[in-house]
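Following this line, the structures themselves.
The same subunit A turns up in both complexes below, where it pairs with subunit B and then with subunit C.
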Partner chain A sequence: MKACDVVVIGGGISGILSAIVAAKKGKSVTMFRYGYGAFEIGGGLIDIMAYPDNKKESSSLKNCIGTLPGDHPYSKLGLKRVEAAVKFLLELTKEEGYAYQGSVDELHWVPTAIGTMKPTGLYPKSFDSQILKNADTIYLVNFKGLKDYYAELTEKMLKKTIGKDKKYEIVTVDPRMEEAIGGRDVMIMDIARWLDKKEGQKDCANQLQALVKPGAAVVFPQVLGTVPSYDVYDKMKSALHCDITEALCIPPAAAGMRLSKLLHNAARKYGVRIIEKARVKSAIVTDDVCEAVVVSGVGKEHTYAAKSFILATGGYYSGGLEVLDNNKVLEPIFNLPIKVMSQKEYEWANVELFSNQKQPFALAGVTVNHEMCPVDENGEKVLKNLFVTGRNLCGYDFCFEKSGNGVALASAYQAAMSAMEV
Partner chain B sequence: MEKATVIVIGGGATGVGILRDLAMRGVDVMLLEMRDMVNGSSSRYHGLLHSGGRYAVKDAEAGRECIEENRILRKIGKHCVEATEGFFVRLPEDDPAYEKEWVEACKNINLPAIQIDPIEAWHLEPNLTQRAQAVYRVPDAAIDGFRMAWQNVESAKRYGGRVKTYTEVIRVNSSNGQVTSVTVQDYFTKQKYDIECDFVVNAAGPWAGKVAGFTNIPVNVQPDRGTLIAFNHRITNRIVNRLHKSSDGDIFVPHGSITILGTTSKSVESPEDTQVTTAEVEYLMRIGELTFENLRGFRILRAFCGSRPLYTADAGAKGRGVSRGFVILDHEHDGLRGFASICGGKFTTYRLMAEKMADLVCGYIHNTMVCRTAEEELVPDIDIADIKEARKYFPSFGVKLAASRLGGQSFKNVIKRMETEPLKREIVCECENVTMAEIEEVAKNADTASSYTLSDIRRKTRMGMGTCQGAFCTFRSMGMLAQNNLVKDHDTIAEMKDFLQARYKGISPVMWGNTVREVELMRGIYDGVLNIDGGID
Partner chain C sequence: MDEKKINLPDCCISCTACITACPVTAATHKFRGPKMVGPAQSRLYFADNEMDSTLYLCSNCKNCDIACPSSVPISTMNMMARAKYYETHKHPQRDAMIGHPEKMGRLLEDIPLGAFFANIGASIGTSIGMVKAMGLADERPLPKFASETFASMLKRKKQLSSDKKVVFFPGCVINYNEPQVGMDFVEVMNQNGYEVLLEEDFVCCGSPLVTTGYMAEVKINATKNSHLIKKCIDKGYPILTICTSCSLMIKQEYHELFQDEIPDVEENAKHIFDASEFLMDIAQQDQLNTNFGAINHKFAYHAPCHLRAQGIGLPSLDLLRLIPGLQIDDLDAGCCGISGNYGYKAENYERSMKIGENLFNAVKESCVDTVLTDCGTCRNQISHGAQVKSKHPMTILAESYKNS
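Take a look at the complex of A and B:
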């Protein structure tokens, strides 16, 4: 049986963050993962909190944390711990050369591919709607053959959100991908990889220089490279003499890939052992202590022991929570106590997909105490050396609140801290 | 004022059948539909082209009509029919005496029911229960309700038939006991206007009572709600019926890559009551898993329901006891000349119903042409050269699907687009293999008629009907419409929300297993990332 200080189950943002936190403090950490989390869905932004209760009234976490229900992960964590986690991430991204900005005090608004604005918390500087407000002329960049981004659609709604009084112009760049057009389709990742390369950057900048007048704002789809660096952003900005921003797009998101790469670089640097294609199947438990987990790899099963364990397998999307039937939710590895907010059928899913009410099914998850240790309905610890993070937790609807990666970050940070004290 | 000799109210199977029949007889006919075509009962059913086996015992007449029409539709509508054949399966729970009665009844209506060994049946359909006591093969088939209706329209148009969608009849006007015109309202502009006519056919299905109500003539149509489940798998290659007295949840119909299980029977107040409950789904699952024991292992795509337009002369009768045969009510007997209603019936016999109604209408308008709808194919066969050409641009397994859903001319247009504009080969809906060229054809081409909303485009292309239920293609379709300047005054955000909501409506009663996963992806994209609900700083 192999052993280490901390075993992390799950390789999404909360898994890898908690692994880094523990490893950075000198612990031996092994991380098992089967998938890659939601990096490429979430788009690389750390949404902290924008709509605590009502989509018509946005609020920063600092302003609303006191009003959140007791089950909310932020209520369990408290503002100080969230702030400590935020500080950790800002420092980490700075160290890795792709510094994020933002805080728990204010919302930062980012343009999207459908022309709406989305409030976020921590973000790379290449996402900024303020430049659109400041500019008189807004250029929207299309790429020839690109699927999954339509500047005309962005423009239509932007005129409503930013205002009709500005000059809008769509400019098209040819990424010279004729072989893909009409074949396998040109994707956002193709353009981002094209812009990773010097020739691509040069070609794109040259084409745009002929189309864009200096002093304007330029909106790109989320294509400014796949690596955690502002290189492409800086080059475009100085070549065009314009302010630029990326717009959030449908998955796969290049900025999510940047964050994923950044965190993997850091994890490797601090010595996290990452075991790929490893599905944790079950746990070996004695009384209220988890001794080891059973991991199914490629054709083999192994048992790994550790002093403490961090659960970061996510929610329904990644299989960290399973819905067996209406209202019956299961955490499949430890069979942890699950809190389901609704008891009746019609309270399990709202009639409207998008409404001013949180989706009841989205609120179901594992109950924890302030250390992120799972507890039963009486508040007693279920496994005292297990700590739970991210979408495994109950009490928040990340889509509604715009709080997904923020809860992941803060709970991962706390889970790692708690795990080190075992 | 606009004019037509005959106005047909209702864009379901019966209405389009009448439109086609009259147009082929040279009548100046116009069909009015309050929403989009095939938006009511004709698309909200299991898509079974009955062999007649289901009705053989209870209603030999209906059974006979079914097998005859089944043979005709296979011939004239072969692009809409998948000749799967069907099984009638008797389980230990089912009465053996009924089997005998059924075999006899099938003989009487000239329906070939061939008995096979249950073990052989299980070899042919490995998901089927091994508890089957007796199995018979019958000529059931799967039929695509959307396509069937569109192809009827296409055929009618070739003969001068006209169609207006999103045009709701709000009044039937008369003078001296003779119909003179209808007053209609445009769904989008709310504008009201009259269309002059000599005859009005009420083919509004479960809404027929409402339409007849405009003239104060009582037509007792009882909307009877049937709930169905669509599974994301082809659980069976054949239609599977339980061999017992017709009941709920005893029919499985495969369509392409999915299977539909139905149905229930419940009297409802309004045909517009189409929200399925989880309890209804659970009820169907319990019955369905007797036939396919591993049923719960298959992902449910969505649940939906529609209303049968059951007709009864007696206001007291309800449910399955009410006749599913059809009636034609000539309202001259009620004192209004030039107005007739057609009620009841079933999808399989829509052509026959249309023929009878057209005969009645022609009697009044002195048209002596005979019905030819059983002889002529709905749409001409696709040119083999077009198929060859299409293979260059389409994903290969999508060629035949696209050809049959588009029909000859539209298919040609789409190929032309793809040939001249390679950018339009982009696949917008990956689940159903729908290309940008195809969506553009449907949205742009006025002749294909009237695509106002994303749902209209969906019904004509299958965009958004696959595994992801619109998670990716909603955005892409809207983007494509914006790119081609086809959104006009639409609120793009509201349009996308409406479309996703329509998909979610069928998903919300089945929120477990992988279905929840799909919803979380959908919410993650549109709410989490794109903040579709807000975002004004």
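Take a look at the complex of A and C:
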């Protein structure tokens, strides 16, 4: 059977990133995807680290990496490797025409739909709370018919977070979506698609020009297009002569759609062979080497051989980890050793939803070494040519720490580097 | 086989991936979207047996199924709800025609010069407004009937005789509209040492009947085909198709719709292949005839949604890339908008063209004169919407072997 260089199992952010890293270096890569991953939920930002420990005090990764527990993915990777991964993403997004910015050195705060500020790591330039601090007047853009966004609420909370001393004004744009009456609720995604088109951009800019005075700051919900480009952002900025920012909103997230498209465009450009709706069911292993994986598509099984493999199937929601009845967590393809925080299931969850403790169930996952190669409890490699990324890994609570996409990015970069050395 | 969760709408975690993937949702705000119309609405059937008032907008293109991380067969839920509706409601008149391309084909086959007159009739029908009056789009040409069926052409062909045999499931488009594409497939298989057998009793796979809501007829066809497929498999012959909607139907949708009611559907699926999938499989074992002659031409490739839903990648694209001199761009621009008979309905025409806009623009940007794609209705839509030629990849493979 013919083998490719690298097989990537999973098409979420860590899967596709690792596929791009290897393909960009000239390797033949096949990536299996079952479903779309969490791009549209994740909102398009790369949170690296904000809340490292239970004290709930924010900190950049650079300031806290030394204090993280030993089995945290960042502790395994070390700051230099995370920085290399960040550099890769910043360069890739620039090459693809939708440059991200940010670093591991400091937190960047973005406004949310409810007027609070959320810390992140890497971000498109259209998310920036700083412009609100600098402005005397803040306009909040509302769209007629748009559900899921309440400019009044944003205004109320912004007065608390940014200050009452500024002038706030809500301005409403009509996206002319009468067709939606009796149909679907108008979503962020619909407005963003309206703004993808030249006519929509023109219409929106014209309506706002009549309402907005130059020199102010303008907050849009996350609607500045669904394609990876600053076209809409630049047009609005120059039409209004104002600084503008988007606010994070509930899914489906337009900026997540932009990041997804950006990465898929890059994957296609570098020749990644993407096989959709393909769930990897099992692996063919000889001694401590994985020879091939078995994919069950519709009706039948296909076997794919490779020199090395990257596991990026995610956590509980995407089937990368399964909770069994007997208080065990399973990684279903390779049956890799899983570290759990407690043998007693009743200790897995902290019942306080907004508590200041990381959730024990969230910390469960595959144990790896610094190469992202899975290891057993003695630190011995389980499979020499398998590397693990993202939510499959143990030792971090992405939700609490706000570290999900950052761990995905850094582990994907390292896994691809390791896979290429096999 | 992946476990299907047809009766388990609660497997939907409301992640909304399907909504972002749905081309109809992108084209109209009237459609409430796959999540709402499929799993969410199906939870309410115990209380209210009426279908969602926007279900008629679903094209069954299956992009929702491709996007779903939780294996919920959303589009099939929609089609079952549509069928339920037509148990107690009357079909529009034109559904009888577009749901039954095979009936039309068989009828014409028996009339001398039937196809000729049917094609003239269709163009007259368009010009005098008959087509529109029937509820069909008169802006686009109706598929033309060939003067000879594939079955008849195959009988005249002197084929390679071989111990290695495959059974061909031609489907209505190949049999009645584009028989030459079927002959190209036969040529490619012969070049690889396979003799192609035809089971003449195969009937329409049922895909156009599913989307028009004739579920009882789908079951009759599925039962008949499954029985015949089983007989071929028992003789050791794999079943091959070159129409991606047929292959999806007989491989996957029979199972989703009738798994406990029709015998053998699950076992059959293991032996049913898209022809390019089959050829890539033998390529993996170094058994593909790679004696390809050069074709110095640039093409673009469009992946039909019903192929993407099969979990086998894009095997035709992999094969085409083996041809020396041939350049090919994967357009990757989403659904073409026709989705079988969806875009032929008068009320769907504009929406169908709007859905295809991304793809038409991508074709224009690629500056090619010919788009290659595995699906017959996609070919019609691309030729109509992007004003280029469209061909099946098998035609190019056959040509390449001829050039060697």
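Here, the second predicted complex is superposed on the first by the 409 of 422 C-alpha atoms of A that agree within 3 Å, B and C clash if a C-alpha of one lies under 4 Å from a C-alpha of the other, contacts with A are read in each partner's own complex, and residues count from 1 in each chain.
We take it that contacts are C-beta pairs under 8 Å (C-beta built on N, C-alpha and C of every residue); 3 or more make two chains touch, one makes a residue touch a chain.
Quick caveat: nothing in here was measured; it's all calculated off a predicted structure.
Q: Which partner does A:177 contact after superposing on A: first (subunit B), second (subunit C), both, neither?
A: After superposing on A, A:177 lies in contact with subunit C but is clear of subunit B.
Q: I'd like to know which partner A:252 touches here: subunit B for first, subunit C for second, both or neither.
A: It touches subunit C, and subunit B stays clear.
Q: Just to be sure I read the superposition right, which of the two partners does A:36 touch: subunit B = first, subunit C = second, or both, or neither?
A: second
Q: Taking the superposition on A as described, I'd like to know which of subunit B and subunit C A:78 touches: first, second, both or neither.
A: Once the two structures are laid over each other on A, A:78 reaches no partner at all.
Q: Which holds for A:300: it touches subunit B only (first), subunit C only (second), both, or neither?
A: Once the two structures are laid over each other on A, A:300 reaches subunit C alone.
Q: Tell me the contact category for A:277 with respect to subunit B and subunit C: first, second, both or neither.
A: second
Q: Just subunit B (first), just subunit C (second), both, or neither: which does A:317 touch?
A: Once the two structures are laid over each other on A, A:317 reaches both partners.
Q: Looking only at contacts as defined up top, I'd like to know whether subunit B or subunit C touches more of subunit A.
A: So, of the two partners, B touches more residues of subunit A.
Q: Subunit A residues touched by both subunit B and subunit C?
A: On subunit A, the residues that contact subunit B in one structure and subunit C in the other are 38, 41, 182-183, 251, 317.
Q: Please name which positions on subunit A make contact with subunit B in the complex.
A: 38, 41-43, 47, 51, 55-56, 58, 109, 112-119, 129, 144-145, 147-150, 152-153, 155-157, 161, 181-183, 185, 248-251, 253, 315-317, 322-326, 328, 345-346, 348-354, 356, 359, 361-362, 398-400, 402, 404
Q: Considering only the defined contacts, which subunit B positions touch subunit A in the complex?
A: Of all residues in subunit B, those touching subunit A are 275, 277-279, 393, 418, 422-423, 425-427, 472, 475-476, 478-480, 482-483, 485, 487, 492-493, 496-497, 500-501, 504, 508, 511-513, 516-517, 519-537.
Q: Subunit C touches which residues of subunit A in the complex?
A: 1-2, 30, 34-38, 40-41, 177, 179-180, 182-184, 186-187, 189-190, 193, 251-252, 257, 264, 268, 273-279, 295-300, 302, 317-319
Q: Please output the residues of subunit C touching subunit A within their complex, sorted ascending.
A: Of all residues in subunit C, those touching subunit A are 1-2, 13, 15-17, 19-21, 25-26, 28-33, 36, 53-54, 65-71, 248, 251-252, 255, 266, 268-272, 281, 283-286, 308-313, 318, 330, 332.
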